[in-house]
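In what follows, chain A forms one complex with chain B and a second complex with chain C.
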Partner chain A sequence: MELKKSITPKKNLSISNKFSMSYGKSEKLAGIAFVLPIAVLLIIFMFYPMIQAFIISFQDFNLISQKKTFIGFDNYINLFKDKEFIASLKHSFYFAMVVVPVQGIISLGLALLLQKKSRINSFFRTIYFIPVVISTAVAATVFELIYSKDFGLLNAILEALHLPTVNFLSNPDTAMNGVIILGIWKAAGFFMIIFLAGLNNIPADLYEAAHVDGAGKIRQFFSITLPLLKRTIAFVAIITTIDAIKLSALVYVLTGGGPSGSTETTVVYIFRTAFEQMSMGYASAAAFILFAIVLIISLIQMKLFKSDVEY
Partner chain B sequence: MKAKRTFLIIILFLVAGMAGCSPSMNQNDNHSSKGIKSEEENQSPEVVKLTFWRNAGNSAENRVYEQLIAGFQKENPTIKVEMAAIPFREYELKLRTELAAGDNPPDVMTIDSPNLAAYANAGVIRSIDAYMKIQGGIDDIPETVLSGMKYNNEIYLAPISESSTAMFYNKNLFKEKGIPFPSEDPDNPWTWEQVLEAAQKLNDPANGIYGIDPGKGFGEGEGPAYFKMPLLWQFGAEILSPDGTTADGYLNSPKALEALQFYQDLYHKYKVAAVELPPDPFVSGKLGISIEGSWALGHYTNNFPNFKLGEDYGIAPLPKNEQQAAPNGGWALGISAKTVHPEEAWQFIKYLISYEGIKKYVSATGDLPARYSVAEDFPELNEYPKNIFLVQSQKYSINRPATPVYTVVSTTIRELFEEVGIAKVDVKVAADRAVRKIDQAIQQMEEKQ
Partner chain C sequence: MKALTQLARYTLMIFVALIALIPILWMVFGSFRSHQEIFEYATSLNIHLIIPVEWTLQNYVDVIMDERNPIFQFIGNTLFIAVTVTVLVLFFNSMAAFAFAKLNFPFKNVLFICLMSAMIIPGEVTLVPNYLLMNDLGWVDDYKALIFPSLVNVFGIFLLRQFFEEIPKDMMEAARIDGASWFRIYWSIVLPLAVPALITLGIITFLANWDSYFWPLIVLNDDSKQMIQVALANFSSLAGTEWAKILAANTISTLPILIGFLFVQKYYIQGISTSGMK
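For the complex of A and B:
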């Protein structure tokens, strides 16, 4: 407004001042109007249920009977003693610890390969992106067939190569790896696109300068690409970690948490406890423990990846 | 100006949206006014609307339910039944959330009989004891079936059909290996020893042929409990104490451990059973012996017409060890505790479980009827192979334990058999762990009351 005042000729000052006042006001109102719909939806569908769930987590709450009794921290204390819950956390973390680095490296590799614009590259970009579009249920069902011991594609190939066959999904020791492979296959394409966007944001003259200075491709990658990609990497790392710890749908369709509970992730455990065992209070407490864990990890990651390079 | 107008429009939408939301937001205090409201609704056309939820079955089942409802509405023009057939996998989940949210639970619903105790204990379904005793014709219903409909000695559910399982065997494979066929007499089953002997001869893993699937593999949901509890019973073990207060000394009794050890040996010692099987292994000749449900008969006739009963496969009663034992139970009908039309809901149930209703139902689906009188009217039910299912269900069937913590019992049984069968955990360790889990759930429930 200061700026406008100085520009406007003296004669029109009073009018323009009035105009700019009401303009500013309506701007503000419009701003609120734009924020309001999503804010209202968030409050109704996110924050209100979260507060409710938080209250429920301190109650002994059976899903179908309306009896609720306040039991303080009992749910939380029992959860830390619950072997199944701890095991489910372990499964979720194992998944996250393998998927986050492996998937990150694969999608960055794909992005580097397909960075140059050409017809073949855009063809392959589409190919690698297709798994992202395929519905989880469909992908899981197809993978179940591929993994099958007696007639699956995977074992047919292993057999042709005279390698020992594996029954991936029905062996408690390997089932989680079967889920991991599917998970990476399904999500790598999406993060490849994110990395591509990040790569294209790096100014080309930096590479030219490095080239002039005699830096090779590898040196360029470590000295220019990686540091300048830090923000993208942070984004990808945080999102994949959260996604990995929240893993549920893939497991639910592919193994149902089996065999013998070896792929039961925390979210599957929470779902089971709430809707099969009907212990809503206990399940809500488990959900909040998971929420706290995810929050802490994300905060740490944000701090670690804090980028000090601007370009 | 333009901004102002947009703002107004947005506000308008918001208000409209809020108005749409508001009835659902103060529905908490709606229960009291609900009766009045629905009476108002009904005054003009004088038609009572009943909502009826059931788990969607196969096409034959869905069709016959529609016919039954049409027949009922013809006889009772003042009652209109609105049926919702919900896919099996999400049925219980949807029903439970609806009962929990408490807005509009269905007036009439189907409930899987072992889950009855949980629902009755929570007070979400209504006792129909008085109705059943006076108008239900319960003398005609087998005692084993009726006891599955009771909680605390009161009848809560009305049965329409029953189920059972039997030992299916591949005749071609039996002939190839020169194994004599088991008897078709429902009272004269093979022992598990005989079954194991046959399975060992049938077993040919190099060609992908396995001897036996003792309990329908390792599935999800209620299936594992339904197919695997009978093995424990056949070895003379029980799941819970008769008063339902503990599993200690029952699920980990020497007899139970013997059953579990036998089950584990099938997979790991004799290797005649496989953890992973191709789809429809029995039909494709990859499996010599399989325990299948009574509904498998219709499934095979409809989907595998070239796989013929009598030529390609035969059916024998479930194997025994110490005693004969078979599972039972099925989806039965219950009335919501919150319904404002209990009288009409009962009229509807009475029609479904009447002699005619059940007759129409089982002649369409091929299920076992829950009434003696209907069973007598179907000659094929008294002949091989269906007599095996019928006799087992009427004479040898055992109810899954009726306890409010049944959901925990069911999951624990599933996990127990997975640990023993797949993960090769020592049977004593696994059984003790299962007992602890069940007892803990019982204890928590008792503390609440």
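For the complex of A and C:
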């Protein structure tokens, strides 16, 4: 309802006043009317909750007892002493530290493999992209069965190839690796497409010149492709890191955070604290720590990757 | 030598394709086999590890007839939400993008900076207060909770703004002189020129909503209103060892999206390419 109200005045304004008003004035009013719905939504559902979250993070606020008391930095101090929270940060970081380089190299490799424009290559691009379209819950459910110890597809294949079988999800030491493989399976095709776009942006005559100068393929890769791909690499690294640290639904459906908490990521921890224990203040403080971490990491990465190569 | 590298290349390409496809094929084919058959052939490497020996539709009958988990109702709920959100996202965000690209108005830059800074707020941080807001508004268990908070799409505004900026201003000025209102210019001149970008944003928005899991899990308590992803995860964890049924339910909710994707993949992939070029 609220939204409808905000559209109607704009229509009237621009129709009824189109002659009586100067071009500039009607343009101003039209501009305001056009951005109004988005501005209102942005304030209500982004900025207001953000401020609320900040306030709540300094409160002892339990949704069941309905009690709200200001407790200063207690939530933050307690969080840093909370073993479960620290462990959840470690799990998220472990996931990120493996996924960012491994997935980055795989998707860049796939992009290089399919770089040339041809029918066959675009067919394979589509195939590699299909896991991206599979929804998170479906992928996690199916992989849970594939990973299953006795009847899962993975162990059947490993056994037939005389490789040692794995028991990913029931062993706390390896469960995260099961999550990592699923994560990469699902996302590599997405970043392949981004790398392909970056590769297409590199002028072909650079390679021709290098070829004339006698530089081999490997030399060309390290002295042309990689440096000119720096911006794309930075983009992929930042996005993958942020996504990895915010890992949630995938792991929640696949393992529920188990076994014995070994795959509980920070967002799963926040979710549990807020909606199972109903500790809204404590969960908000944890969310803010996560936000600060994400912000700092992306700032550092932006600095590190700041490209001095222009093309 | 050249033939050999080509051979290696194609082998690698096919190997990766198998990794990408086998889990999906295993799901689809597994949904057509009996409960016993899946486990019977699960321990040795032969073609029947994946391809059914005796095809059956029984799992589909069971899943569709299951009255406690009406899968088509969940799919219908999700389609309703995803389509509604997509239409509204396209409408409101394209209007804002048009204003940012072509119109001069007060607070334009301030607002644009606010928009950019909203991009760095992760949804995970506002999960708790947004839930409290829904609680206060009485929107828990109400589809408004799924629709309204999802309407701002900052990425979409950026994408469309880039598109709109390339439209020559002369065209709009001519229309103004002919007496067209700003809304008419937006609706009849600007939007039709941006159809490819709108399709891209539409697909991205639709898929994101189809895929959403945590937010519906939090704001919907009434099972009959639930979204397909939450329903699937619940169904799968309750079904336990009934793998065939789990696979059938997952296949029903995946195949339409997958087939749809094959038709519109060009736009989707183009959109992702653009997002990497910022």
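Keep in mind that, in the parts below, the second predicted complex is superposed on the first by the 269 of 311 C-alpha atoms of A that agree within 3 Å, B and C clash if a C-alpha of one lies under 4 Å from a C-alpha of the other, contacts with A are read in each partner's own complex, and residues count from 1 in each chain.
Just so it is clear, a residue touches a chain if its C-beta (ideal position, glycine included) is under 8 Å from a C-beta of that chain, and two chains touch if they have at least 3 such contacts.
None of the values given here were measured: they were computed from a predicted structure.
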Should A:L112 be classified as contacting the first partner (chain B), the second (chain C), both, or neither?
neither
Considering only touches as defined above, state whether A:A210 meets chain B (first), chain C (second), both or neither.
neither
Does the superposition put A:A87 against chain B (first), chain C (second), both, or neither?
neither
Who wins on chain A residues touched, chain B or chain C?
C
Could you say whether A:I202 touches chain B, chain C, both of them, or neither, answering first, second, both or neither?
neither
Partner chain in contact with A:F124 - chain B first, chain C second, else both or neither
second
Report for A:A234: first if it touches chain B alone, second if chain C alone, otherwise both or neither.
neither
Taking the superposition on A as described, I'd like to know which of chain B and chain C A:G258 touches: first, second, both or neither.
first
Taking the superposition on A as described, I'd like to know which of chain B and chain C A:P37 touches: first, second, both or neither.
both
Look at A:I297 in the shared chain and tell me whether it touches chain B only, chain C only, both, or neither; answer first, second, both or neither.
neither
Going by the contact definition given at the top, which residues of chain A touch chain B in one complex and chain C in the other?
26-27, 29-30, 34, 37, 44, 150-151, 275, 280
Chain C-facing residues of chain A, complex:
3, 10-11, 14-15, 18-19, 23-24, 26-32, 34-35, 37-39, 41-42, 44-50, 52-53, 56, 110, 113-114, 124-131, 133-146, 150-153, 156-157, 159-161, 185, 189-190, 193-198, 201, 232, 235-236, 242, 246, 248-249, 252-253, 267, 270-271, 274-275, 280, 283-284, 287-288, 290-291, 294-295, 298
Per the touch rule above, chain C residues touching chain A in the complex are 9, 12-13, 16-17, 19-24, 26-27, 38-39, 42-45, 49-50, 88, 92-93, 95-96, 98-100, 103-106, 108, 111, 114-115, 118, 120-122, 124-133, 148-149, 151-152, 157, 176, 179, 181-184, 186, 207, 210-211, 213-214, 218, 229-230, 232-233, 236, 243, 246-247, 250, 253-254, 257-258, 261-262, 265, 269, 272-278
For a test of understanding, state which residues of chain B touch chain A in their complex under the given definition.
3-4, 6-7, 10-11, 13-14, 17, 21, 92-93, 96-97, 99-100, 102, 118-119, 121-124, 208, 218, 220, 274-278, 286, 407-408, 411, 415, 418-419, 422-423, 448
Tell me, which parts of chain A touch chain B in their complex?
26-27, 29-30, 33-34, 36-37, 40, 44, 60, 62-67, 69, 148-151, 167, 169-172, 256, 258-262, 272, 275-278, 280
